Amino acid sequence: MLKGIPAIISPELIKVLMEMGHGDEIVLADANFPAASKARRLVRCDGHNVPDLLEAILKYFPLDTYVKKPVVLMEVVAGDSLEPVIWKKYHDIIKKYNNGSSAIEYLERFEFYNRASRAYAIVTSSEMALYANIILKKGVVSE
Amino acid sequence: MLKGIPAIISPELIKVLMEMGHGDEIVLADANFPAASKARRLVRCDGHNVPDLLEAILKYFPLDTYVKKPVVLMEVVAGDSLEPVIWKKYHDIIKKYNNGSSAIEYLERFEFYNRASRAYAIVTSSEMALYANIILKKGVVSE
Amino acid sequence: MLKGIPAIISPELIKVLMEMGHGDEIVLADANFPAASKARRLVRCDGHNVPDLLEAILKYFPLDTYVKKPVVLMEVVAGDSLEPVIWKKYHDIIKKYNNGSSAIEYLERFEFYNRASRAYAIVTSSEMALYANIILKKGVVSE
Amino acid sequence: MLKGIPAIISPELIKVLMEMGHGDEIVLADANFPAASKARRLVRCDGHNVPDLLEAILKYFPLDTYVKKPVVLMEVVAGDSLEPVIWKKYHDIIKKYNNGSSAIEYLERFEFYNRASRAYAIVTSSEMALYANIILKKGVVSE
Amino acid sequence: MLKGIPAIISPELIKVLMEMGHGDEIVLADANFPAASKARRLVRCDGHNVPDLLEAILKYFPLDTYVKKPVVLMEVVAGDSLEPVIWKKYHDIIKKYNNGSSAIEYLERFEFYNRASRAYAIVTSSEMALYANIILKKGVVSE
Amino acid sequence: MLKGIPAIISPELIKVLMEMGHGDEIVLADANFPAASKARRLVRCDGHNVPDLLEAILKYFPLDTYVKKPVVLMEVVAGDSLEPVIWKKYHDIIKKYNNGSSAIEYLERFEFYNRASRAYAIVTSSEMALYANIILKKGVVSE
Amino acid sequence: MLKGIPAIISPELIKVLMEMGHGDEIVLADANFPAASKARRLVRCDGHNVPDLLEAILKYFPLDTYVKKPVVLMEVVAGDSLEPVIWKKYHDIIKKYNNGSSAIEYLERFEFYNRASRAYAIVTSSEMALYANIILKKGVVSE
Amino acid sequence: MLKGIPAIISPELIKVLMEMGHGDEIVLADANFPAASKARRLVRCDGHNVPDLLEAILKYFPLDTYVKKPVVLMEVVAGDSLEPVIWKKYHDIIKKYNNGSSAIEYLERFEFYNRASRAYAIVTSSEMALYANIILKKGVVSE
Amino acid sequence: MLKGIPAIISPELIKVLMEMGHGDEIVLADANFPAASKARRLVRCDGHNVPDLLEAILKYFPLDTYVKKPVVLMEVVAGDSLEPVIWKKYHDIIKKYNNGSSAIEYLERFEFYNRASRAYAIVTSSEMALYANIILKKGVVSE
Amino acid sequence: MLKGIPAIISPELIKVLMEMGHGDEIVLADANFPAASKARRLVRCDGHNVPDLLEAILKYFPLDTYVKKPVVLMEVVAGDSLEPVIWKKYHDIIKKYNNGSSAIEYLERFEFYNRASRAYAIVTSSEMALYANIILKKGVVSE
């Protein structure tokens, strides 16, 4: 543990975040995501929810400003009538760390899986909200 | 061993079940299934039958509600006139844990083998009943 | 993730808990414990506190009734005037799962380190309370 | 699986039993034995009880007639007033396979642990009876 | 790279710093320290000086308050008349991060080497000042 | 398989026999010998008896004439009244290949085990005769 | 070394010859053959010529009678006017061990290389005669 | 193979000879030497005799002039009445390459074994002459 | 080091040269050749120039007479007006060892790279002359 | 290769030199030194002489000023009457790079071997001069 670094960020997670560069992507996966069968690098964060992880990560992790939509969510599957309530939280957190903008791309479920399987890492969580998976594309650290 | 977890579930089996996510599949194989030659991950449960394993696993493992038929059985091979008696037990157990539904897909023998070889894991058993192999697709844990 | 198993318990943690037998010991370490330099097996639970881990683990993990004091805490170092407030919580949780008893042994800091280095596993946490390290000796699962 | 070999005997277990020779020892451990921390070779048989394993193993495994007591049980710990009821079953099974004799040595708990840690293998089980651990010394196959 | 984390701290260095616990030690070695022949874990920071590393590390790394002197410097070798000018800087940086205190232990050169070889890690630098090696004992993160 | 080389000699066995030099020892172990727990190199010849192996091996393998007794048998254990009938066969085979001489050393059971554990290799067999283990010391090939 | 086995046959060579089965091929390569860059298994016999190796090998190694031409030589390259004198020796040795027959196939240089690179093994020699490479296809051991 | 280098010297042998320095020793072992059980590095030269190897090696390999006796032979074992005829050849070859001198040390059999097991390498041969093992101590290449 | 073998030829280099056969190729690369990224086997000869290596190697290494041009140089890149002066030396050395002939093929830069990447080995040097890379195809050793 | 770094210094050599710190030692070994049997790390520089290596290395490598004699040579063996002429060159080179001083320790041959075997690395050369081995103790880089 270190002073000032949120406890939710493990030694392995911060190392992975630092190794990533402009354009690399990381997936924050909810409790039901098939992470172990899809990840190139798997970082387990059992017991945590995604908003806490997202808030802690975005404190350090710039979003890519070279693409229109540096954040990806999984589209609601046809037939599912729910409105994912967690998305509101994501918008708020992303806006807070991204100059008030939260431009988000929506991908069909299996396209999302494919993109996740090419990401630099997948972070598992115990997030129980539905449609809570989120992909972040790293931007340029400029300060 | 731990309090309350069925003894039939080994440390390795519960770890595999926990790592799986939405859409990942697991095969419960009978005594004659060519599991060792086909499995990406092999969990041996020698001496146990499939209904006991199925009952213990479904206590923890939700079936996928995003597909019509989250359970797969192997079709009786043409020319085989038997009616697999174990299927009745499977229907009862699955209904009990799946809201009274047991929608099942039937696959031709070699298609079943192919699908099994892509599953997250194969669990061997000593089930002697014929046509007793079963594939389960994991659903969403929502409680 | 599985139905009914607390999200805070990772696949690796439950596997380790199940592998342990009567008399084996596990350390729940606070955020400042030198776990990486001392553990025979290290299970990271960054971001969690010890009471949550303790509560989740004791649901499954019986304490040893063959020794007088199956729980070990680290003695307050001479000169430290504090009264570790977290101990009250530990007493309550342990009593709840141990038939109303919370018989605890206190070990001097470096003796505690030595015993921890011989334990079956050390679980790291982000517990910020002082003197929050705790060793549990596994008892007999009898139900 | 093979014709005539009890399903409870896994491929790994029969391999280990066959590799053993005169004087080598195997431990059948109950659900609470600290097997993972003590074994030179570990064979997991989760979900099974010891009498079933013992019966299946002694069908193939001769006991040593060159020592007075080829079977070892763990002495009841001082203060424990119970009479281990499973021992009656063991006596019966051993007599059946050992010419009506069941000469047994009793070892104090920690001496039993030491001897187990030098055995050729430890077989875990889910036996819930107390004092159900048993060490078998292999004899000479003479037919 | 991440926002707000000094660029001088590499992914590997921050991981090592986070893994360390209360009482673990790290060596910041000058350009002439025989680090490769002595380290249990070696983290290279070529091109940097120790004051910059020290400043960056102490922002995150608390010094041990359970020992009188949590910082160790290498004693000037007998016959060397110099007054290591860099020590002034170290005093200032340590005071700044250690509540105005900079209690320092001085070890003879070869005792310093021995202690360094038991540390959790050695960080190499390109510090050219003489007698610039410094050992830090990690304290308790309490905020 | 090759022309003229007895089928009982496996590729691995003949390689081991050829690698051995003057004074190196090999153990032909009976079905009950604890070979797997004692051998530096283990060559399995399941299904074969020792006289067949001995006959096939001595066709190629000279006995050491620099020691009085280049062959070692295991002494009958005190209390065992049997006369090992297989020894007669060994004498005949050894005499046939050793110029009519069969000078044999007898070692107490546990000394025999120790010597076996230092041999160049142990060959397992399925020999059912009692006291059928035999150690051969390689001599000089002189033709 | 063993009695009666030609010294020119190394432990590794006899093991390779015994492992081969019906239809497997071995190349005896002359001093100039690019064996190290082409062989799946390489057995070095530096300092020996091919006729000595061929004579020693054919004593044990049957030629395939299921093909018309179980022996392959390399065709003289167009423009090379020489008549490879060593072929006469090969014919004589092969006839001696192959019931008076020496049916031989001739392959163009690069086809010979391709076939050699698929052989079970290539045996290097120091044979200086030109066009001295020879491939042998193993037959059935029937005695 | 290369121009001018004797075919009997394999790529591995010349590499070993070149790596050796002043004072390092190499053993040329006869067909009966227990080389595989004693060598730190083993170079097989099956099928060759020691005088041919010795002649080829001494063309490149200087003997040590800093010790009185840079060559070691194995003493005839007490009771063996033979006069090793091969020694005459060794004297002649050594004199030819060593300025007419062949100063030789004789070591008792088991002392010879010990010294051989510390040598830089042991070269096996198929030399059938008795007492044909020879140790060479490398001298200084001075031209 | 050995008597008579040029010091510039390392143990590893001579082993590689000896292992090569008829038609195998070796590259002598200048100081600027991307050898480490292209070589199947890399032999470093830092500090040496190519003419010295070429002279030492050709003493042992015959050039292929079965192709018209057993030597390959890299064509001067279009636009480069220089005349590679080192080629004169190469011609002289090659003629000296190749019966007065120095038939050379010229390959375009990237074709040269491709061919080099398929060679048996690449030898690095510190040759500073431009266009100094040279490929040698091994011929037949016939003496 | 890089601008300004002598070609004689290989990538591996400069890496080793850079890793070394104050007090670590390196051996420059002559062509006859038993380097391969003694080195903890071996860097081959075949074909080069020691003065060239020494000159190139000392350009980068400071000698230790904390010991009286940072350079070690091997004492002339008793009975050897020669005066090692190369020492004059060493004195000159060392003086040039060491402020006009060449304080040298002389060690008896076998003590020199022992010290060399504890050095950080041994660099082999093809230096033919006698008594040309030299140990350098690294000093402090202070500019």
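Which chain is which? They are A, B, C, D, E, F, G, H, I and J, in the order written, and residues in each are numbered from 1.
The rule is simple: a residue touches a chain if its C-beta (ideal position, glycine included) is under 8 Å from a C-beta of that chain, and two chains touch if they have at least 3 such contacts.
These numbers come from a predicted model, not from an experiment.
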item	value
Listed chain pair A-E, A-B or A-C that repeats interface F-H [over half of contact pairs the same by residue number]	A-B
Numbering shared by both copies at the subunit H-subunit F contact, with half separating same from different	different
Subunit A-subunit F separation of Cα centroids, rounded to whole Å	67
Centre-to-centre distance between subunit G and subunit B (centres being mean Cα positions), rounded to whole Å	54
Residues within subunit B bordering two or more other chains	1, 10-12, 19, 21, 141
Contacting chain pairs - touch in the sense defined above	A-B, A-C, A-E, B-C, B-D, C-D, C-E, D-F, E-J, F-G, F-H, G-H, G-I, H-I, H-J, I-J
Residue numbers on subunit A that touch subunit E, as the complex places them	1-5, 10-12, 14-19, 21, 59-62, 141, 143
Contact footprint of subunit H on subunit F as seen in their complex	19-24, 66, 120, 138-143
Subunit A-touching residues of subunit C, taken from the complex the two chains share	1, 6-13, 31-32, 44-48, 52, 126, 128
In the complex, subunit E residues that touch subunit J	29, 31-37, 77, 128, 130
